[in-house]
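What follows is a pair of complexes built around chain A, which joins chain B in one and chain C in the other.
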Partner chain A sequence: MGFDPNVVLDYWPQFLEGAALTVRIVAVALVGGLILAAIITAASFVRFAPLKALIMVYLAVVRGIPFIIIVFLVHYGMPFAGIRLPALTTGTIALTLFASAYYAEVLRATGLALPQGQWDSARAVGMSPGEAVRHVIVPQILRPSLPPLTNYTMTMTKESSVLSAITVGELTYQGLVVQGNTFAPFEVFFVVAGIYWIIPALIARATLALERKLGMEENAPGTLSPLARRYLVLDRRER
Partner chain B sequence: MTQPALAAKDLSLAFGDHWAVDRVSLTIARGEVVALVGPSGCGKSSLLRCLTRLEPPQRGTIAIDGEPFGRVGEGGALQSRRTIDRMRPKIGMVFQDLNLWPHLSAIGNVMRPQRVVLGRTEEEARTRAEALLARLRISELAHKRPAQLSGGQRQRVAIARALAMDPALMLFDEPTSALDAELIGEVLALLKELASTGMTMLVVTHEIGFARHVADRLVFMDGGRIIAAGPPSDIIERENHPRVRAFFNTMLAFRTPD
Partner chain C sequence: MSFSFGFFWESLADLAPYALVNLQLGAIAFVLAVTCGTLLTIVRSFKIAPVNMVIGVFISFVRGTPLIIQIFLCFYALPSAGIDMGPMTAGIVAIALNSAVFISELQRGSLRALAVGQLEAATALGLSPLLIWAKVILPQLFRRIVPMLLNEATIVVKGTALLSIITVVELLRAAQQIGAADFRPFEPLVGAALYFLVINLVLATATERVERKIAAERR
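For the complex of A and B:
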């Protein structure tokens, strides 16, 4: 029994379809997750204990249980509420929730790392809370949170393979189908692995480009400590 | 009769059951320069945070140029956040650690609040900012980031940022505490220059020489209260309150007379 990649090459449209769906799911979860995370982050800074407790519970639960369980809970739980949705939708919702918790932790951490004085000086000069967030806080959070957000997006891309468990036709699922037809599991998953490797690599490249662009606009060293920079910044070259 | 720039009455601020500011009343006339002196932890910084409403006082009233800012009397209605935000530019606050915005250039720091808060156009904000930077002699640094500036230069940017809002009153929280000896003189000279333009100022300071020569009045705080106030030289040399005496004796023990 030899390694025969030709077996899988015949099925390239199916791999392509799977890869395209993976990218689409991740893109939706990325945008949805960021919006949700921004709302969670903003709410977590509101001085209202019950709201804060609710957010902490949400973050702890979503981060504390395995992704596949979140998928099952959303997929099999929604019919209980009388909502019947296709697996693709419930799967994407699950991934969005998953992403939102991790994104929110990044945004919260970078927000908390800003000195209180930044907020004070914005408010003292007469900015409303919204204006202070927009003109002083967000521009300073954006750049340092970009690398960890990218890391989580790459993790999320890989985790999306779990959606095959509820028959979402993404890359892993297509791999399983092709494998069933060809009985060549090694060749199939070798190709699947290759495609999975390419997607996060593209995301990382896109982020680097974005980082450079932001870097040009804001060449201030920012408020990160040198140690934090070493671990949080993707591009290790001296700038 | 013209209204005083600042009239604070019976201000009290508690953290837990500790009164950081305890029934403080302070009136500052237009053009007056007041030095606020006292030992560490006496409530000077808390008083400034009260006056800017960064910490809302539990009791008392504040009026800026005769306009109420803060609680309107005991049990009276709290002002809306909007009213407070609208009045805040009237108080120019220069923080102890300045709190410049690192993502904006020097001129950006001076322009942004004018644009956002006062609704000035890009053009108006730029003209005003350039004039102020020129007056503070840092025109050539307009496009540098705060991180690229020295301590004294940053101080000037922070002052320009506050002045750009056309405040009725400037508050300085220990403006020289973070500076080395050479810069202290430079910043004090700058404050003296600002005072000579008729700007109303409340300066928290440990610089006795500055209090003596620039301030019109010295206010001494201890334990959250004002325990002495009057012409600086009188307080520094003749005030008999034991806490005040002890403070200045220690301060002056190692100094050559100025």
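For the complex of A and C:
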């Protein structure tokens, strides 16, 4: 079995088109998910039991069922409410909901870890609640949230492949179409995988740049004893 | 069209046996994943440069590409390399390999937190490296990572729903078949979602209990 490069050469515009759509869907879900997550996080700090319960149920449901089922539920559920939308829209909505739950979990966790005193003293020096959130709370939530948010964005990028199941013409779907035309699964799925492989690397780069800008590079770790180095470290280059 | 509760209950009953299919698929994949992941960790610790380089590329590939693509590679592409496993086995292999990588990575992170004193004692006693792994490191490591492993188990169970795409008849595919037969796709889907939710809530509750127990023991 050899690798037939013609598959790539003949169909690269289709792969590229799919990749572009994947990036666009992810970008929309990233922004939409962050906005939704911010609202959920803010709402979860309001002292009103039913609202809290509602948020907990939402988070548990979105995180507890497989993404592919969320996609189908949104896709087939919207017509129930009398709304008929193309697959691309329902798919993007599903991905946005998925992202919002995971983002909200991150923001909530870092928010809860913030000492109450931060809020109290911001108010004590005369900031309005809005100013306290803007100048004291948000900057402190944002920095520690960045690495887990990046991780979930990568997860979301990978999960967007599931939208192929409802015929959204993103990268995986284009791969399946090309595979149907060429009967060359090996070549097709390696190319598709290769393209997916690049996207998280780009996201990681973007985050690194953002982290540098925010001045939050990791501190140098302490030195390890030779024995610890032998058993507890899996990589030579690791310090 | 409105939600039919009658049809919903009916499909809920019809779906019950398929929930077991997902549980079984998930259990097999998870056991395989823990085994392979741990072996991967031990092999990596030997730090043989070429071996670790290959493993490194494999890990990066698995972490960087969607599970669906990995399932497609196992199901569609491996047969042309002479490995034809059928949809169920191919799916289990794909999910298990994927999860093994994530388990090895979480073990890598937790290894750093282990105390060195016991390693020194075991080395002073002349235990062989493999014995040190089996008797000293792994028991401590696994105690630490139980909550993370349970979390990984929920991911594995959710992953089994993707096998519907390669024709494995589990909850999602059964729900789609029921829905197609009655032209009502939504109710059975809600049923399938409910089963997944229950399975994962049980796992999540178990995770919390274990976390609390570990926290209590540390005190």
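Convention: the second predicted complex is superposed on the first by the 214 of 239 C-alpha atoms of A that agree within 3 Å, B and C clash if a C-alpha of one lies under 4 Å from a C-alpha of the other, contacts with A are read in each partner's own complex, and residues count from 1 in each chain.
We adopt the following convention: contacts are C-beta pairs under 8 Å (C-beta built on N, C-alpha and C of every residue); 3 or more make two chains touch, one makes a residue touch a chain.
No experiment lies behind these values; they were computed from the predicted model shown.
In the superposition on chain A, contact is made by A:Pro115 with chain B only, not with chain C.
Of the two partner chains placed around the shared chain by superposition, neither chain B nor chain C is touched by A:Ala209. Once the two complexes are laid over each other on the shared chain, residue contacts for A:Ala27 go to neither chain B nor chain C.
When the two structures are aligned on the shared chain, A:Tyr76 is found in touch with chain C, with no touch to chain B.
Put simply, more of the residues of chain A are touched by C, taking chain B and chain C as the two choices.
In the overlay built on the shared chain, the residue A:Leu16 is in contact with neither chain B nor chain C. By the touch criterion stated above, A:Ala201 is placed in contact with chain C alone, chain B being left untouched.
Using the contact criterion defined above for the overlaid structures, shared-chain residue A:Glu159 touches chain C, although it does not reach chain B.
In the complex of the two chains, the chain C residues touching chain A come out as 1-3, 41, 44-45, 47, 49, 52, 56, 60-61, 63-70, 72-73, 76-77, 80-82, 108, 111-112, 114, 116, 119-120, 123, 129, 132-133, 137, 154, 158-162, 164-165, 172, 176, 179, 185-186, 189-190, 192-193, 196-197, 200-201, 204.
By the touch criterion stated above, chain A contacts chain C in their complex at residues 1, 60-61, 63-70, 72-73, 76-77, 79-80, 154, 158-162, 164-165, 172, 175-176, 179, 185-186, 189-190, 192-193, 196-197, 200-201, 225, 227-228, 230-236.
Those residues of chain B that touch chain A in the complex are listed here as 52, 54, 81-82, 85-89, 91, 93, 95, 97-103, 112-113, 116-118, 145-147, 161-162, 165. In the complex of the two chains, the chain A residues touching chain B come out as 115, 117-118, 120-129, 131, 135-136, 139-140, 218-223.
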